[in-house]
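The block underneath contains the structure these notes are about, expressed in C-alpha cells.
Note that the chains are named A, B and C in the order they appear, and that numbering of residues resets to 1 at the start of each chain.
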Amino acid sequence: MSQTDTGVGRVDHRPAPGRAHPGPAAAGPPPYWTSRRRDQLTGYLFIAPQMVGSAVFVILPLILVVWYSLHEWNVLAGTFEFVGTDNYAALAEDTSLPSVLTATGLFSVGLVAFNLGLALLLAVLLNQRLRGTTLFRTLFFSPVVVSLVAWTIVWGFLLQDDGGINGLLDTVGVAGPNWLRGEGTAMVSVIVVQVFKNVGLNMVLFLAALQGVPAELYEAAEVDGASRARQFWRITVPLISPTILLTSIITVVGSLQVFAQIAVLTQGGPGTSTTVLVYYLYQQAFQFHHFGYGATLSIVLFAIVLGLTVLQWQMRKRWVHHES
Amino acid sequence: MTIGKGLRGVAVALTGALALTACGGGDDAASGPATLRMTIWSANEAHLKLFTEIADEYTRNNPDVASITFDPLPFENYTTTLTTQIAGGNAPDLAWVFENSAPDFVSSGALLPLDDALRTTEGYGYDDLSPATLRLWQHDGKLYGYPFSTSPFGVFVNTDLLTQAKQQTPAELIAAGRWTWENALAAAGATKQATGKAGLVIRDFDYKGWDNLSTFWTGWGARAWSEDGRTCGFAAPEMVDAMSTLHRAIFTQQALPGPGTTADFFAGDAAMTVTQISRASLLKEDGFEWDLVPLPAGPKGTYSVIGQGGIGVLKRSPHAEAATDFLAFLTNPTNSAKLAQFFPPPRQSLLTAETLAATNPQLTPEQLQTVVIDGITNGVVKPSHTGQAELSQQVRAGLDPLWRPEADVPGVLGQLCATIQPLLTK
Amino acid sequence: MSRELSPRAKLLLYGALLVLAVPFVFPTWWMVTSSLKPVADIFAFPPQLLPTNPRLEAYQRVFELQPFGRQYLNSLYIALVVTVGTLAVSALAGYAFARIRFRGQNVLFLVVLAGLLVPSEVTIVPLFQMFFAAGLIDTHWPLILVPILGAPSVLATFIMRQFFIALPGELEEAARVDGLGRFATFWRIALPLARPALGAVAIFTFLHSWNLYLEPIVFLSTPERFTLPQALTQFVDAYGGPMWNVQLAAASMTALPVLVVFVIAQKQFVEGLAHTGLKG
C-alpha cells in the first residue's frame, strides 16, 4: 500500500481488496452501500478485466472489421475508399463462394461426425474393466499435447504418395491412394489429421460423463433383458447428452476455425476442394490483398458461427436429457 | 500469490489497453538518426553476414543512419507477410520483391522511383545495368525496383546416376548437338527405370509452383499469357503441345516424379533438376559428380528463362531518402561485385566469365558463360501479372485436374483459360 | 458399463485398442526416428521403422540455424504468463457470472461469449493495427495480452462459470454468514475447491498459447523473438527448400518435453480436464 493511505481510520482492514467500500464505518442513516449494492460492485469489479478485454480485443476489432467491409482497401497503393455495400454485393457474384461453402460444410460435418464418433467409441472402450486402459488413454490423448504445427508437418510427410502411410499400407498389400492430391482423399486427410490430433479431449470428457452414469441403471436394464446396444442407446446416450451437446458445440465452432492444418497440408487444394471459409478469407485478405472483401467474408463466418451456436443451443431443449 | 501476480498482470494489461485506445500512432519519424529495416527472404547465414558487413560500412560513413537491420521473413509466405506488415502500418524501409509480385508492387505506387537517385550517385554507373534485366521493374519509364538477383535457370546433372543407368550425359548430348527435351526426358525416364531414383525434377514446382513450368513450355514458344497480359495463353496450341509432352513424361515415361512424391536432387535422389544456378550452393563437396548445363532445346529451339529478385524502397518509409541512399550504396559497383557471389548481378561489367568465376568457384567459366551470362542477356522472365497472387492461385487450382494419369489435357487447359480470362482483363 | 468381461472379449478389446492406437502413436514415432536419419533415408520406401545408423547431426543444425534455445524460452515464458493471467481473469469473471447477482449480468455474459465465436483470423488485421498504433509490433505483448483478455480467454471463463454453477454453494454461504467478504469467500473457499477446473483451464490455455501459429507469424519478425511453431517452419535452406531432418529434429524437441510432462502428470491432466463441468 502506498503512503498516501494515512491511517486515522485504520481500524477495519478486512481482507477484501477486490471491493471498494468507502461508506461510513459508524452507524448512522441507512448506508448507501447496502450489502446488495456492494455485491453488485464486486460483481462488476470481478468481471472488469474480462469485459475490458472483450471490449478492446473482441468487440472493437469486430466493429473495425465491419468498417473495413464497407471499404475498398488497396494495401500496396495505400488507398482506402468507402464503397458502401459493394463488398456484400460481390458475395453474390463470387463464383468461388459456393464451392468454398460446400467445402466448409463437408469439412465441418465430417469432422464433427468423425470426432464425436471416435471419441465416444474410444471412451466406451476405455470405460471397460480392463487392465492397461490408463496406458491407452495416455496414448490416445498424447497428440493433444503435441504442437499443432509439428503434428501437421509430420502428417504432411506421412501422407505423401511415397510417404509412411502408403508404406505401411504397402506392407499389408494395399496400394494407398495419393492422399493429398485427390479431391476426396484430400478432404478426408485433413479431417482425419485434425481428428487424431484433438479427439483425446472429447474422449476424456466423454469418459468422465460415462463414469457418471450410475451402474444401477445398467443392472436394472440387464434384469429387464435389454441388449447391450439397447442399453447404450437408451441409457448411455441420453444420460451423457449434455456432454454430447457441449462437445459438439465446441467441435463445430472449432471446425470452422481450422487454418494451420490446411495451410500446411493442402493450401486449399487440389483444385479448391479443401478451401474452407477461414482459408478463403485468409487468401482474399492476406494473399490477394482484398482486405475489404476479406473483412466481408469475416462477417459471413461470424454470422455462420453465431447462427449454428444459437441453433445448437435451442436444440438442447429438444434432445438433451436433463438440464440442471 | 498467483492471484496477486495475476492482478498485476491485469493492471499492466489495462494500461496497455488504455495506451491502445489513447494512442493515435507514434509518428516520431524524421528527427534523429534513422534506423532502416529491409525485409528479405533468405535466412542464409552467409547472405546475412555479407549484407550486415555492407550495412556496417555504410553506417560508419553515414551518421544519419544509426543502424540497418535485415529482417528475414519465411520464404513461403514472404509476400503475404510483407503485405500484412504494410497493411498494419509497419512497412519496412526497403524490401526484396519476388519477380512474380513485381507488377503488383511496381504499378501500385507502393514503391518509390529510384532512377534519379541512382543516376546521380557518384560512381554508380547506371548505364552499366543491363536493360533486359530492368524491364520488369519499370513502369511509365521509371525504375521502381533494383533487380539485385537475376538468376537464370539451368539443369543440374547428377552424372553418377546417369552413368549408372548407362545413359548419355547432357554434356555428351550437347557435344553431339542432341540436347533436346525429348532426349532429356528419355534419359530421365530410363534412369528412373534403371535406378529407381527420380529422373528429372523441376525444382519448386511440386505440382503447385506452376510458374516454374515456364522453364519447360518456353521451349515450345508457349506463354501463360500474352505480352500485354490481357489474353490467356494456356489454351494455345503450343501450350497444349508442351503440356501434353509434360503429362506424358510424368505419367507414361515416368521421367518426372509424380504428384506427392518427394525427390531432392541435392540429396542425390534425382538424375537432373531444373533450377536457378544460385542453388549451386546446395551441392555438397563430398557428394556425387555433377554438371550444370543450359536448358534443353524445345521444338522452337534454344531458350533461357530467368527468375528475378528486386529491392524496392517503400513510399511509406519515413526514411525513404536514407533508404534510397543506402540502396545506391548497396548496389554500387564495388558492392555489386561482392553480392555477385550469391546473386547474379544486372551489371554488364560484372557479367563476364572471369568476374563471376572469382566468386563462383563451383562453376567453370564455360558453365558461367553458357548458363549465366547468355541466360541473363536472352532470358524470358518467369510469368508475372498484376493481381499475381489471385491469378496464381486460380491457375494452380485450374491445373490440378491435369496432374492425373487420365487427364484430358486440352480440356483442362481450355477450362483454365475460361476461368482466368476475366482476371487478366480486370 | 463396467462389468466383468470374458477373456475372449478382453482379447478382442485389446486388439481393437492396439489397432486404434497406431495413428496416434505412429506419427510421433516417425517424427523422432526420422529426425535421426540422413535426409535421403526419410523417404526410403518402404519406410524404415528404425534409423539404420542414427545420428544427432540434425539436432546440432537446429541450434546453428536459428536461435532455437531462445525461441524455446520465448514460447515457454509466453505460455506460462498467459496461463497465469488467464487463470486470474477467468476465475474472477467465471465466479462473478456464476455466483454474484448484478444488473445486466446475462447480457454481459452474452457479450463475453461472443468472443467464443470470433475466429482469430477475423480480427487479426484490426488487432495488428491497434498494436502497431501502440508501438507493440515485434514484441511479445500481442501474444500475451490478446489470449489473456481477448477471445481465447472466453472459453476459460465459460469453463470456470460452469464449474462454479455446479459447485454446491453451502460452504460459501456459511462463510458469508460468518462475515467473510466476497473476495475472501472467493479466494479462500471457492478457489481452492475449483482446483480441478483451474487445472483444466491451465492445460487448455498453455496448449493454446504453445500452439499459436498465425499470430506469431503476423506480429513477430525478429528471429530472436520467434516462438516455436513459427520457428519450425523456418528450417529451409536459403531458397526455400525444406531441410527435412532438421525440421523434424526441431519438431521433436518441441513435442517431446511436453509429452514427457504429460506422461508423468497424465492423471492430473486427464482427470483435471474431465472435471471441467463441461460434462454438463
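The rule is short, and it goes like this: contacts are C-beta pairs under 8 Å (C-beta built on N, C-alpha and C of every residue); 3 or more make two chains touch, one makes a residue touch a chain.
These figures come from a predicted structure and were not determined experimentally.
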| remark: Highest contact count belongs to chain pair A-C
| remark: Relative to subunit C, largest Cα-centroid distance belongs to chain B
| Averaged-CA centre spacing for the pair subunit B and subunit A, given as whole angstrom | 39
| Centroid distance [mean C-alpha coordinates] between subunit C and subunit A, Å | 13
| query | If you average the CA atoms of subunit B and of subunit C, how many Å lie between those two points? | reply | 37
| message | Counting only residues that touch at least two other chains, what does the list for subunit A look like? | response | 49, 52-53, 56, 160, 162-163, 291
| Multi-chain contact sites of subunit C, meaning residues that touch two or more partners | 43, 88-89, 125, 129-130, 145, 148-149, 187, 233
| request: Would you pick out the residues of subunit B that each touch at least 2 other chains? | output: 10, 13, 17, 20, 84, 87, 262
| In the complex of these two chains, what residues of subunit C are touching subunit A? | 1-5, 10, 13-14, 16-17, 20-21, 23-28, 30-31, 34, 42-43, 45-47, 88-90, 92-93, 95-97, 100-103, 105, 108, 111-112, 114-123, 125-127, 129-130, 145-146, 148-151, 153-155, 157, 166, 181-184, 186-187, 207, 210-211, 213-214, 228-229, 232-233, 244, 247-248, 251-252, 254-255, 258-259, 261-263, 266-267, 269-271, 273-276, 278-280
| field | Residues of subunit C defined as touching subunit B within the complex | value | 39-40, 43, 65-66, 81, 84-85, 87-89, 91, 125, 128-138, 141, 145, 148-149, 187, 191, 217-218, 221-223, 233-234, 236-241
| query | So in the complex, which bits of subunit B are touching subunit C? | reply | 2-3, 5-7, 9-10, 13, 16-17, 19-20, 23-26, 39, 41-45, 47, 71-77, 81, 84-85, 87-90, 203-204, 262-264, 266-269, 276, 278-279, 281-282
| In the complex formed with subunit C, which residues of subunit A make contact? | 14-19, 38-40, 42-44, 46-47, 49-54, 56-62, 64-65, 68, 122, 124-130, 132, 134, 136-151, 153-155, 157-158, 160, 162-164, 167-168, 170-171, 192, 196, 200-201, 204-205, 207-210, 212-213, 215, 218, 236, 240, 242-243, 245-247, 250, 253, 256-257, 259-260, 278, 281-282, 285, 291, 294-295, 298, 301-302, 305-306, 309, 320, 324
| List of subunit A residues in touch with subunit B within their complex | 49, 52-53, 56, 73-78, 159-163, 178-181, 267-272, 283, 286-291
